[in-house]
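A short write-up of the structure that comes next.
For clarity, chains are labelled A, B and C in written order, and residue numbers in each chain start from 1.
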Amino acid sequence: MTAEDRLKALGLQLPAAPAAVAAYRPWSRVGNLVITAGQLPFRDGTLAYAGRLGEQLSVEDGQQAARLCALNAIAQLKSAAGDLENIVQIVRLEGNVHAAPGFVDHPQVLNGASLLMQEVFGDRNRHSRTALGMASMPLGAAVQLSVWAEVLDGV
Amino acid sequence: MTAEDRLKALGLQLPAAPAAVAAYRPWSRVGNLVITAGQLPFRDGTLAYAGRLGEQLSVEDGQQAARLCALNAIAQLKSAAGDLENIVQIVRLEGNVHAAPGFVDHPQVLNGASLLMQEVFGDRNRHSRTALGMASMPLGAAVQLSVWAEVLDGV
Amino acid sequence: MTAEDRLKALGLQLPAAPAAVAAYRPWSRVGNLVITAGQLPFRDGTLAYAGRLGEQLSVEDGQQAARLCALNAIAQLKSAAGDLENIVQIVRLEGNVHAAPGFVDHPQVLNGASLLMQEVFGDRNRHSRTALGMASMPLGAAVQLSVWAEVLDGV
């Protein structure tokens, strides 16, 4: 099964890769490493999850936000690699959670992103991760996620 | 026009690359990738912008702080690459804004850095970006910026 | 002297590389670059330093926490490289401090990690660094540290 097949089996449609919200590119590349810009939980052009974990949003909300960021990141990776089958491995997730002081469940929130990578990339999902708590976020977004991936030579 | 020519045309003088403020190096290199340490908005050895966005500082102040961080990062890249013409591309900006809870304009603030990269590097400016909101910052600085750049083989 | 010799001379025992606390890997690799996941100040399976700098914890506490994160990161690097002598250089430290608003001494705190890298790796310690202030942290940890290292070809 390809990554696209797995997305279909999950009932997920890959969105158009979100445009950058300011003066930068949505992904960049050095050697065989592709890095996405920080992805926000946009759905159909609208920010779907705003607010702070531990306040307006539950851990489950945060997981959905993280999963949506990951889906947008996968769309960026497709744009960078041409085809998701050109991705050798998912290398790193930089997970940033907009949270109230005292919030401690960043890992559970970000599992929303990590598990989607596992479901979609299977054996090619080999990411390490950071999980940090932000005092504020662009547009007030609940989660921001950057993804590193290795792509095939010559892609 | 070289990057140095463009800096001159902008009326900007490249500062001496700021020394690290503690026990690390101001830039490091792995393969052809150079990464700067987190750059603060120092001017002539003094922190020019301290405080939080959304409180003491306006978005325009933040943009000036981000631009100053970027200028210091360019000085680091020159130190790493010998000559700015040895830089193949600007790959990534990691932008961190010291901001009050509820602040949402990190992208506008960090455009101060992104636009300078565009003005100075032109076609070689191909960076993706993260934009995060910090609860506190070294020295109380308004912005901290790390830059990734690819340098030529053999530099 | 090898890095292991230096650890012994410091009276330090390399712990077992801590398992990931969620659905990710404790380190990943792309080309010759190894990146650890965010390391927390665990000792013998227990989080040794929780709370915020500038509140419950002193700068010296924070330095100990950072040093412990670095020790755990070295354990991860050994797991990735097989032997610490296969590490070409320590490239980057991403240092994140859980701190109260107004805290400014992140660099001093993170020197706890940077100095251990110097003590253990000597000439192979060539890291740049970021130092950021987090509003919240997984498990309430005082410090989170990610380390980049270059490993030998073929390792």
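Keep in mind that, in the parts below, a residue touches a chain if its C-beta (ideal position, glycine included) is under 8 Å from a C-beta of that chain, and two chains touch if they have at least 3 such contacts.
The structure presented is a predicted model; accordingly, all values stated were derived computationally and were not measured.
Visitor: Check the residue numbers that subunit A and subunit B use where they touch, and answer same if over half are used by both copies, otherwise different.
Guide: Result for this pair: different.
Visitor: Rounded to the nearest 5 degrees, what is the angle of the rotation that puts subunit A onto subunit C, matching CA atoms?
Guide: 120
Visitor: How far is the middle of subunit A from the middle of subunit B, if each middle is the mean of its Cα atoms, in Å?
Guide: 25
Visitor: Can you list the residues of subunit B that touch 2 or more other chains?
Guide: 31, 101, 132, 134-135
Visitor: Give the list of subunit A residues in touch with subunit B in this complex.
Guide: These residues of subunit A touch subunit B: 20-31, 35-38, 52, 94, 96, 98, 101, 132, 134-140, 144, 146.
Visitor: Touching subunit C in the complex: which residues of subunit A?
Guide: Against subunit C, subunit A makes touches at 31-33, 54, 89, 91-93, 97, 99-108, 110-111, 114-115, 118, 126-135, 148, 150.
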